[in-house]
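For clarity, chains are labelled A, B and C in written order, and residue numbers in each chain start from 1.
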């Protein structure tokens, strides 16, 4: 859920200020000064950042280090968590621990794509639309954006997946096709406001070419807001991707993915709760981590911190 | 009148904002007022002088802003209210004391019609029949000279002009005929012509109901025109107080003199406008002694030590200047 | 959503002609017209769904059994013949007459399928909304009025966690706890008819609330906080309005408007989670229909249910906006 944030032009000032405000003396080595810079830049997002870092590291370390193949039966079926299998085994004897962290890369990666594409498309389209003086264009594209936004996102994506065929690729395409509208709406509103600002009018009267105005003056401002939205959207996307897989419409077994793992575990809920709970916890962990980061970022923008 | 019979007596009141682990931040200190029924008292001072907070202490809305009466006494109609509880206040608000808040434009509740607002002012805690309240509301609107009362009754505040909203606020404050009316800058933000209309209205109502009115303003010209008594405030303290004519013709505090001098309405064309040098000390940066010292032409060594001077009386004329005897009989000080 | 402060507005002019133009300019009417336009564009989007896909949906559906004859037949049945404007026109005409096509898989009329499933979903929404409001209102009020700082922090953290956790996780945990462990709710299934269906609806509704309550209460809370800062709140105190009445008239009612007007957005979110909840609890609502239709490649049903989803959000959004305006005249409708 996003608030409407009105934001002063951002130019990476957060990091710049943090870097400039070091002033701890020349003696510090480059490394520790670099770390200090990031530490300050991430103020308010530290807990979330740490949580994300933890799961990312685990997603690489565990599959590399684990003796078990996430796709093969490596133990007794439906075994409770033990020293051998930290998260137990599932109905096919696969190690849940390894599978959970293998799935992490997939879920997070797909979510990143699911945010990146709509973010890019939506920001560009929305910004252009907001600045455009053609009323016909604004009306047509604007209506399309409003129409897409009128749907519950999951319903529309499911509909698209139906037509595109079940699978991960369809999910990403469906996301790109629907989610861009939410970014476009934000970008459009912001671009309309920015377009009326004095500094843009000044640039126009000075005769700057339109592209320069767009790139240097409008886009940074607009994308600051869409990127902020993107952070909280990441949570929604990751839940949507997992949700689709849970419904059997996304990733197909035997590929480990949190949503589909939970769906498989559903049948054994009473007897082997670990099949569902651990992937669920991992998913929640990631979602909460990103939510904390998004919240911290938003509060920073608003000047609460 | 003996002190026991005065309607309003504020003695040496100080108001502060709560702070965790520290003593309260004082906004008002040594404020003193008195008022009798049928009188209009003008409280004049710059913005930040604490006038509004003082008003809030008279209607008990300090708690909302984390403020409270730190010391002194507030007696209204014989009741001591400096440390009154919320339930005690609830009995008095609307019935004994009426309040017209500072910003009339934002004052009325936007989700209620005029009729609903007057109704709730009339009811307070009771329940009255719709017919009763409707008749009485129309009468109230008439009282405040509201144009076309029948139509206005069904309208919402955003459909009314500034002057109309102010009349609505006055009407609702008067609904239960309080004995004391507090009007905090009732004409700020209104057109000049509307301003004089509102002031005339207040004077009329006061005469008709024999109410006591506390009028807060920064406009000395306004106060001179309508008020019987004046109380001058500076940086949270009452510095001079007496009848209007006395204070304005024979001021006994340098601040009052300076205020008079800087009045635009009294300036002669061609004259340079006088301004008061410096700024009043803001809350939190009060220094020792008299807080007008740094702007005062009469300042002496003993002005800047110790506590803020208390009001000293001479023939019913109160002043907080310890060197008031050095002042001339008219405006050169 | 904007609130307007205004200067004076004259009373509406009398006379029948100006009364009509006055009514035409009415923001309520304009909002309704806008809703019709959005509904129309919703139909266009639902229509485009099937036709935007790369490849041929009919051939994908038929797979190996695809013969030219069969393909032509199915194309006919699914309304995929003729030029695109022709297709849309017949689709639109059909929709307005209550004909949303026929399922090529089951042979049933799509409208019938939806008509049977819709009440279940509507009941779920109704129960969820009731629960959500009953919890969010006092919760938001309490958090807004509380003077202890840790209360606000805890609230924000808990709502963040609740929102970031997938609804199916809450659902499965809820089933584990309430159905399997405590045994106070059926694991799955549905029984139509009130009040019997409540037994099957309360747990799914509760699960939906894990998503809805944080959103609803947060909006209400921020609205309450900004209302508290407004001048008129003090007016209620100085007039001697009794406490209970003051809470409602001066705090809640002016704050409700933006919340209610956001109902459209919230219903959208809730319906997304409702799809998953319906599947999890085996409720035969339109969410389940949609997903099953996807499994079976029943395109007509997919199109029909997606359309219905969109229309529900449009209608609820309209109702929410109008309700918001009724509560608080400052609400800007268009």
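Just so it is clear, a residue touches a chain if its C-beta (ideal position, glycine included) is under 8 Å from a C-beta of that chain, and two chains touch if they have at least 3 such contacts.
None of the values given here were measured: they were computed from a predicted structure.
Simply put, of B-C and A-C, more C-beta pairs touch at A-C. Chain centres defined as mean CA positions place C nearest to the mean of all protein CA atoms.
Mean C-alpha positions place subunit A and subunit B at a centre distance of 56 Å.
Put simply, the C-alpha centre of subunit B and that of subunit C have 51 angstrom between them. The mean-CA centres of subunit A and subunit C are about 24 angstrom from one another, to the nearest whole unit.
Of all the residues in subunit C, the ones that touch subunit B in their complex are 4-9, 11, 230-232, 234-243, 245, 249-250, 253-254, 257, 327-330. By the touch criterion given at the top, residues 1, 3, 143-144, 146-148, 150-156, 158-166, 177, 235, 239-240, 242-243, 246-249, 259, 262, 265-266, 269-270, 273, 276-277, 280, 283-284, 287-288, 290-292, 295 of subunit A touch subunit C in their complex.
Within the complex, the subunit B residues that touch subunit C are 59, 61, 64, 90, 93-95, 98-99, 101-103, 105-112, 120-121, 124-125, 151, 155-156, 158-161, 164, 169, 172-173, 175-176. Contact residues of subunit C toward subunit A in the complex are 37-38, 41-42, 44-46, 49-50, 52-55, 57, 60, 156, 160-161, 163-169, 172-173, 175-176, 180, 214-215, 218-219, 222, 267-273, 275-276, 279-280, 290-291, 293-295, 297, 299, 302-303, 305-306, 309-310, 313-314, 317.
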